[in-house]
Every structure is written in C-alpha cells, then in structure tokens.
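Please find the structures below.
Both complexes shown next keep chain A, but they swap its partner, so chain B is in the first and chain C is in the second.
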Partner chain A sequence: MRPDLMEILVCPLCKGDLELTATREEDGEIIEGSLHCAACNETYPIEDGIPNMLPPDLREA
Partner chain B sequence: MTTTRTADEIRSEVAKAYGSRVRGTLLRADEEELPLAAASCCAPSPASDVSCCGDATTTSGVSCCGSETIDDVQITNVAKLYADADVTDLPSTVTDVAFGCGNPTAIAALQPGQDVLDLGSGGGIDCFLAAKMVGPAGRVYGVDMTPEMLALARKNQAKVGATNVEFRLGEIEHLPMADASVDVIISNCVINLSPDKDQVFREAFRVLRPGGRLQVSDIVWTKPVPDEVKGDMEQWAGCIAGALLESDYLAKIAAAGFVDVTSDAKEYPGGKGIASAAVVATRP
Partner chain C sequence: MTALPAPEEKAAAVQRMFDRIAPRYDRMNRIMTGRMDQRWRRSLVERLGIDDEDRVLDLACGTGDFAEIAREHTRHVIGLDFARGMLHGARARDLGAVELVQADALRLPLRDGSITVAVSGFALRNFVALPPVFAELARVLAPGGRIGLLEVDRPDRGVVRLGHHVYFDRVVPFVGGILSDRSAYRYLPQSAVYLPDKHELARMLRDAGFRDIRKRRHAMGAAQSITAVRA
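Coming up: the complex of A and B.
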C-alpha cells in the first residue's frame, strides 16, 4: 500500500485513525508493516503489500 | 428447511469456497508466460476450458453465479456481460476469476478523477477496468475478504500496471474506509453473499461522499425464495441462497438512507425468478 492512503484508511471496527509502522518498503510502497488503532488497541498487519483490515475474529478464516 | 447458520459461519463458508476457486489461477499467475484472456469467463471465449459462467462448469470446478443450478435453471448469459468491455488486454488470471453477474463499470459511467470503491473486488477485473476510466487523477479501491483473491489481485495489478488501484483485505460489512471518501461504489455479484446486507448498505452510505452513487450488479429473486434453497451453503456461495427478493433488496438500500433507488432486473431463463439486477442509488 502507498503511505498517502493513510488519510482514507480507518479501523474497520471503530472507524478510528490508524498509525502506520512500516518494516519493509519498496519503491515508495509499504510491503510489510502494521496499522495500529489507538482507540480500540487493535493492530492490523500489512503483508505482501496488502493491509489486512479484516476484523480480528475473521483474520484466520 | 430454514437456515440456522450464523453470520460468521456463512462468511467463513463463502471465503473458503472462493479461496478454493482461485487457487489454481493463483499458482498459474506465478508462471512467466500467460495467455491473454484466452480462457476467460466473462469475455467472448470460443473454446474455453475454464468457464465460470457458461455451460462447461462441471469440468472446470470454477464457477460463479453461473454454475449453480436450481433444477433446470442455468445462469448462462454472464459470458456476454463483458463482451463490450475492454478486457482483451487483461491477463487470463484476471478474467478467469471474474465471478460476476454483471459488469458495473460498463454502466457506472465513471468520470476521470473519481474515487471508486469495489466491494468484493476478487481478482480485480472491475478495479482495472474502473482504473482506466477514472485515469491517473482518480483512485480505485478494492476490498475483498478472501486472501487468495487479494494475492491474485496484487499479482494481476503488477501485470496490468495499474498504479491507481489499491487492494485491501476487508469485510464489506466493516469497511476500513473513512467517512465520505469515495464518489462511486461498484460491486459485482457480491452483496448477495453477505449475511448482513443492511450493514453493507449502511457502510456503503457512510463511505460515499454526498451526491455519491452506489451502482451495483447483483443476483435477486423476482419471486419469493424457495425454502429448500435458503439453507443450502453451496447455493449461498453460488449467489443464489443468499440473494434477496428484489423489492427487499431495494428497501434495504433505501433504509440505509439512499435516495433515487432504481433497479433493472433481467431474469435468467427458466422462469424460477432468479435475476441479475443493475441497481443504482444516490447518497443525498
């Protein structure tokens, strides 16, 4: 995902703002990292360039 | 028979069904040389061995809304739906997994610069078509809950070279999108799969900008859903058991706050009352 998308990306549960942590970037794109919602203390992983914004109970489905 | 399944069970079954459908294509997407849309589901395809929406569904195991049958009802006209769309330059790994019942981008009349959200973006076909229409000043977001689909969509994106498309794993009942962030929401034969359609429409309303448009294709019933169909998960994943009566579908959209809700439903042959509906609604 591209970092400039942060402005429209929100927590799927509480719609709160997310804080981005990038652990691997390529060509201005975040390949691995995470998105943290301070409001509900939930963390969403970014894997292979795709933010996993599934609610936690569905993540392993 | 009535359904006793929970919403989570339904979601899990649907994700599993679509994950397994895409796995073969996903493996193939890693190979270097791919034929261009030769065996596509929704483009004209003379001798396709992988047909999602035509008659050859029993051998392929790749099916969409088309293969599931109710007695003698076969949904067969889907292959024509992309006939007018510009899919010839899309790889077959895009078109093979286009399990749609209509082509919303053909009717959505997208304008350059618009931001578009595709609910249930699958392998990405509608996103890539939409991306062409909105151009570099616009953005297309694809949300899908099936990891295998998203992985394929990413690979397809690299092949297609669409830089104004973003995919994310998510549920259409819990969209990870800010309020009033897009101009148009498209969705192609997906909302029927949701166990909570009211919430899907509420979320769609929330993320649309005022004046924004919901323009989706979906399977609906034009007569009451037979009881024996309702609890059948195979038919749920096949877009039939979860489909609503057309009037109920439109009522739910209106209940979410949309105005000017219209539908053009075209019934599939067989007289069972299963139809593909092109639905349009506006957020005031």
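Coming up: the complex of A and C.
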C-alpha cells in the first residue's frame, strides 16, 4: 500500500484513525508493517503490501 | 441436493471457497461466460462516467477485473476482498496503482464519504445479507456518489429460462468440476437463490439511502447490472 491510502483508511471497528508503522518499503510502497487503532487497542498487519483490515473475529477464518 | 452452506456458516465457507478457487478464477469466468463478463463490466464502468476526479472502490474485487477497467479512467482505485488468495491473484496481475485491501464488506475500513464510485461484480449473492452491505456502501460514499452492481439473473422467458437452467445448473458445475473445484462450481450457480427480486433489491437500496435506481439486463436476462446514486 502507498502511504496516501492513510487519508481514507480507518479502523473497521470504530472507524477511528490508525497509526502506521512501516518496517519494509520499496519504491514508495509499504510492503511490511502494521496499522494500530489506539481506541480499540487493535493492530492490523500489512503483509506483501496488502493491509489485512479484517476484524479480529474474521482474521483466522 | 444443495451445495449451499448453512446460514451461520456462509461467510467462512464462502471465504474458504474463494481462497481455494482463486488461482483459476479469472480463466474460469472467461470460459463460463464466453468473455461476456468483461464486456458487461466495461459497459457498466462507462455508464458510471468514471473520470480522474473519482475514487473508486471495487468491493469484493476478486482478482481485480473491475479494478483493472476502472484504472483506465482514474488513478484512485481500491480493490477490497476478504479472501487473501484473490488479492494475491490481483497483485500478480499488472493492475498499475490499484490499492489492495483485505477487509469485510460489513465493516469497511474506509472513512465516511471517502469514495465517489463503488462497483461490485458477481458478489451480491455471496454476502450473508444485503441491507448491511448497502448501508456500509452508503456510509463510505460521498453524497452524489454512484454504485454499479453486476450480478447473475434468472431469465423469465420459457425457452431462454430452460437453456439458462441447463447451462448454469448442469454445464457450469460439470466444466467447473473438471477445470477447477467441483463443490465451488455447484455452489456458484445455486447461490443465485440468495438474490432478491428486482423490487426487493430496489427497496433495499432505497432504504440504504440510494436514489435513481436503474436495472439493465444482459444476455437475455442471464445477467443484470444495477446503478444508483447516493442521495
């Protein structure tokens, strides 16, 4: 994902803002990292450039 | 014999099924519809009048068929699906700057009013319930935003209806069983029973806050496309 996606990306549960942590970037794209919702204390992983924004109850389905 | 999962099992069963059939999904769709599916998508994108000012959401994007066509009209396209296998398939295609997000249609991770166009291809029947999906679309769409929904349909004229029944209830599961996954291609035609009729669908869209609801039929009623505007 590109950092400007943060303009519209929110927590799927509370629709609040997320905090981005990028651990690997390539060509301006975040390949690995996470998105954290402080209000829900929930972390959504970014793997292979794709954020996994599934709510926790669906993540391991 | 039914290929449909129990209601409480539907979301998880559909997610597993789409992950399983993802590697051959595009090729199967092209074969099953004689490539007409892409023509219907293109026609719908044109009717929605997408331009570079638009931010487009492809809901249940699969491997990105709609996203790819929308990308020809705007740089801002988000492909969203809950099956990771499909998103990996989309990533493997050269879709340009399409953003891919794994998420649930009932709990979209998108800001209120952040999207101007939402499209979805052959996905409605896979949702557990439509009103909450339409409500989420209405939430993320800006006022005046447009939706375009493509789905299968059941022809209502006798001979066409019979031909449709033979093709989708006999030929598609048989060919799908040989080339991909037998249980999935028994489920996919049967899942059309989940679709409400056009009056019920229009009522659901109106209740969710959409107006100017229009339906167009394709291939003598084998498929339908619905457009509407967020009030």
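In the analysis below, the second predicted complex is superposed on the first by the 61 of 61 C-alpha atoms of A that agree within 3 Å, B and C clash if a C-alpha of one lies under 4 Å from a C-alpha of the other, contacts with A are read in each partner's own complex, and residues count from 1 in each chain.
Definition applied: a residue touches a chain if its C-beta (ideal position, glycine included) is under 8 Å from a C-beta of that chain, and two chains touch if they have at least 3 such contacts.
Given the structure is predicted, the values throughout are model-derived calculations rather than measurements.
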Which superposed partner A:5 touches (first chain B, second chain C, both, neither): both
Touched partner set for A:52, first chain B, second chain C, both or neither: both
Which superposed partner A:15 touches (first chain B, second chain C, both, neither): both
Common interface residues of chain A - those touching chain B in one complex and chain C in the other: 1-2, 5, 7-13, 15, 44, 48-55, 58, 61
Contact footprint of chain A on chain C as seen in their complex: 11-12, 15-16, 55, 78, 82, 84, 87-88, 91, 97, 99-104, 107-112, 114-115
Residue ranges of chain B in contact with chain A within the complex: 8, 11-12, 15-16, 141, 143, 145, 147, 150-151, 154, 166-171, 174-179, 181
Chain B-facing residues of chain A, complex: 1-2, 5, 7-13, 15, 44, 48-55, 57-58, 61
Footprint of chain C on chain A - complex, ascending: 1-2, 5, 7-13, 15, 44, 48-55, 58, 61
